[in-house]
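First up is the structure itself, then whatever we jot down about it.
In this document, chain identifiers A, B, C and D correspond to the written order of the chains, with residue numbering beginning at 1 in each.
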Amino acid sequence: MAQKPKRRAEERADGGRRERIYEIVFEADTPAGRFFDVALLIAILLSVLAVLLESIESIDSEYGGVLRAVEWVFTGLFTIEYLLRLYAVRYPLRYAMSFFGVVDLLSILPTYLALFLPGTGSPLLVVRALRLLRVFRIFKLARFLGEANVLSTALRASGPKIIVFLGTVLTIVLIVSALMYLVEGKEHGFTSIPRAMYWAIVTVTTVGYGDVVPQTVLGRIIAAILMILGYGIIAVPTGIVSAELVEAKRNATTQVCPECLAEGHDTDAVHCKKCGSKL
Amino acid sequence: MAQKPKRRAEERADGGRRERIYEIVFEADTPAGRFFDVALLIAILLSVLAVLLESIESIDSEYGGVLRAVEWVFTGLFTIEYLLRLYAVRYPLRYAMSFFGVVDLLSILPTYLALFLPGTGSPLLVVRALRLLRVFRIFKLARFLGEANVLSTALRASGPKIIVFLGTVLTIVLIVSALMYLVEGKEHGFTSIPRAMYWAIVTVTTVGYGDVVPQTVLGRIIAAILMILGYGIIAVPTGIVSAELVEAKRNATTQVCPECLAEGHDTDAVHCKKCGSKL
Amino acid sequence: MAQKPKRRAEERADGGRRERIYEIVFEADTPAGRFFDVALLIAILLSVLAVLLESIESIDSEYGGVLRAVEWVFTGLFTIEYLLRLYAVRYPLRYAMSFFGVVDLLSILPTYLALFLPGTGSPLLVVRALRLLRVFRIFKLARFLGEANVLSTALRASGPKIIVFLGTVLTIVLIVSALMYLVEGKEHGFTSIPRAMYWAIVTVTTVGYGDVVPQTVLGRIIAAILMILGYGIIAVPTGIVSAELVEAKRNATTQVCPECLAEGHDTDAVHCKKCGSKL
Amino acid sequence: MAQKPKRRAEERADGGRRERIYEIVFEADTPAGRFFDVALLIAILLSVLAVLLESIESIDSEYGGVLRAVEWVFTGLFTIEYLLRLYAVRYPLRYAMSFFGVVDLLSILPTYLALFLPGTGSPLLVVRALRLLRVFRIFKLARFLGEANVLSTALRASGPKIIVFLGTVLTIVLIVSALMYLVEGKEHGFTSIPRAMYWAIVTVTTVGYGDVVPQTVLGRIIAAILMILGYGIIAVPTGIVSAELVEAKRNATTQVCPECLAEGHDTDAVHCKKCGSKL
């Protein structure tokens, strides 16, 4: 992303067809680019909707032919778009290996695969929904970018602590599962430790399906402790993200006074709040 | 709301009947206005209670006639009130199109509609509960207004980030649903992708009814991952709202510059950050 | 609580029996007082345990006589304690009407009531658990009191905002319930609006028993929206309490510099951090 | 942990075999030590996986012999490692009584016990998962240590408040349970107060299995209140941890006074708050 401004300047001077396609397909600054992005947004939503409808048996048996045709039309359009992207971009391989490059390919592959392996291909087309993430770019105004920076800074800073937290939760899940496997046993649905782990995750995350439940007194006591743990322990990652966001926000609104080196001015400050000199 | 103070001054000078009705029906500053609001609060609660009782079969079969009469009495009173509001307000159309204007109309419409379309009208009358939001005004002391400002500032600032968060959650729901539809299949209750999406939302929000549950090993692993995701990811919006509220509170507890009237200085500021004069 | 220190000084000068009983029964500063509180703590726990065991049929049929005897012994002891408290305190009526006075009375009443109305009295004795709140006083070291102050300040400040939040949630519950009553109808378990409200609360709080579940497509869509709302909306009260606690903590650690009036010093600060003069 | 640096210096000067083993088995600074820790990490994961697979009946009946052999190999390796630790450490008894010493012993005991008491020993081997906590040390870079400090400071500061919170929740659970036992009675699954407590914990933590549900109108009203309480009350511990983390972070990002070495100054401090000298 960093070398883009310089590059686009070159391309504009150049003025070639490839550059114009790049402008339309990858950027959202020109009217044509914005029109392309909005059209793409609608196409993705419609094609995902078609996949959803196709999976409903009663609709599929009646309108199956239409939906299959719609699927082929959108797959065709997305294939053309994918080839255009490969053509327009300076380093096609780098694009093809990038996150969005892979998603773009996966968005069209299942339809073609279904030709050779008939059956379960088409539900995989919902991977197209991931492409909507790209279209968020349309809304990327200056304000949004700033906000996203604060958010991603905070989440990156929270990362290692969240992993330690998840590791602790999973260790608890593992030990409680083995206990419950011994206490409740096969006759109450805890047929194996992995099965008991499924129950423990359902419980600690407070989902609580109720398809497997403890039935002995000791099992219920262990389950109650696990529930209280799961209920209370969520405070930890929430507190971590909150604290990081508070800090990220504070740092985001910081300039240094050139005279007295005071920090902590608001973004809209004109004068230093300590010595009154211009910022 | 902004032009109200000026306007009410005019009206008091004028002193007409319409203005006095406006005082009573729309404001809560005078004794009459406060009495009207309290009476309205009680009437709304009673009429909603009547609707609830009417929906219970055993009560309806015994006291159905009384409840229907109560419904007509309250609908009559609310109709008079609606007409009074239309009469008292300066721009009737603007009021009729406002949020509360629409709610006021919807609060009386179902009873009249039931004359022509007998059957399911009366449960819709619970829309009257929305009118209670207006009555919150009675409690709107200065302290409350300040608090509400901090809260609404923070929520408005959180808005775009919450939408990005919800978009991400829904994309995850969509992709997990398609996977589960393929993995679990129709015989385990995942009869279509939209049906699987219902399951995925029940799971990711940790509601966990248990009416549809995964039954294959792979399905349970995917479900466990989705649960842990839903359990942990709630930390993000909570952190966002917390951080915004901390910031909103910090900005709310601040002085005004005596020279340029700028607001939003930090508590430890010595000079106005806008004009540089001493605070 | 405020007039206590002065009063206890008077009492000590007085030196009567009533004052010594007051010292033992109400305070935890003297060795005798602390011993009394610890003994009371154990007695409460044991008596609550006896009530729990009595409610288990298999244990009651075997040890019922012993448990009933234990209940009478503890009720006797608590009655003596209650009378002592009434005797020792300066204003008996004021104590009898206070929160702990009422709890103390309710802790012994059910056993006596069971003499006249045999049957269901004894489970009510678990109200004794509320008396444990008094025994928290034993742990009330200086550090604890400070912490509790910060917590109660923050919770009191959060109060009105939490009430507005709860009011909004209940309004949503009411309107969704009426909708679901119309959409799902009696045949799917939504037999009345109050019944639908029970379902809506089970859903919005993410409890999700699964005893009533939507079964139509439209009902499932409404339920999914309600779940996402309930899942996301919890961020608001959490954010409110977090922000209030951050503020309460900041204010708790604040002195003002007598020279330069700077605020925001830590509790362990000796010198002003701005001008360096002694605090 | 505090006396380690001094001690390791002595050991290096000494240069004996015991010291080299200590370096490898307890530390992760040298290449050999890091290799040992990574190998241990993999061995723990594999041995836990073997225990999980052994508990699945279909896998056990086919590969039971192989899995039992794997169990014995890992138990042998961990026994050698345990003896090495006992030999290398200066105070073997202190190590044997420490948290990790006990875990290391428990990790090998069940296999030996199964020789004398055949049957249910092997699931207990998942206690080995706790040893993974030691291996977190490999990732303990400087950055991580700082983060963990902030986290553990905040959690320790939150401790007493969280305990008060849990005590309050459990008192509510106890009283609601007795009420529900009286209201719902044995015929609706609330067969005893402890059974009702299990239901109340399932409800207040928003797990909601649905294996026991209220069936009377009054029972449902009490349940709804308990749900709203459990849904809202989670804001309190979350707020506590958030506020403590915000404070811990603020204190962590601070300078040291060059004169008196005092820590904990605010970022905007000009003078040391302890001795008043310029920072």
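For the reader, a short list of remarks on this structure follows.
The rule is short, and it goes like this: contacts are C-beta pairs under 8 Å (C-beta built on N, C-alpha and C of every residue); 3 or more make two chains touch, one makes a residue touch a chain.
A quick note: this is a predicted structure, and the numbers were derived from the prediction, not measured.
With steps allowed only between chains in touch, the distance from subunit B over to subunit D comes to 1.
The angle of the rotation carrying subunit B onto subunit C, fitted on C-alpha atoms and rounded to the nearest 5, is 90°. At the interface between subunit A and subunit D, under half of the residue numbers appear on both sides, which makes the contact a different-residue one. Here the spacing of subunit A and subunit B, counted between their Cα centres, is 29 Å.
Of all residues in subunit C, those that touch two or more other chains are 194, 197, 206-210, 230, 234, 238-240, 242, 246, 264. The touching residues of subunit D, when paired with subunit C in their complex, are 160-161, 164, 167, 171, 174-175, 177-178, 181-182, 186, 191-194, 197, 203, 206-210, 213, 217, 220, 223-224, 227-228, 230-232, 234-236, 238-240, 242-243, 246-247, 264-266, 268-278.
By the touch criterion stated above, subunit A contacts subunit C in their complex at residues 206-210, 238-239, 242, 246.
Remark: subunit C residues 48, 51-52, 55-57, 120, 123-127, 129-130, 132-133, 136, 143-144, 147-148, 151, 154-155, 162, 166, 169, 194, 197-198, 201-202, 204-211, 230, 234, 237-238, 240-242, 244-246, 248-249, 264-266, 268-278 touch subunit D in the complex.
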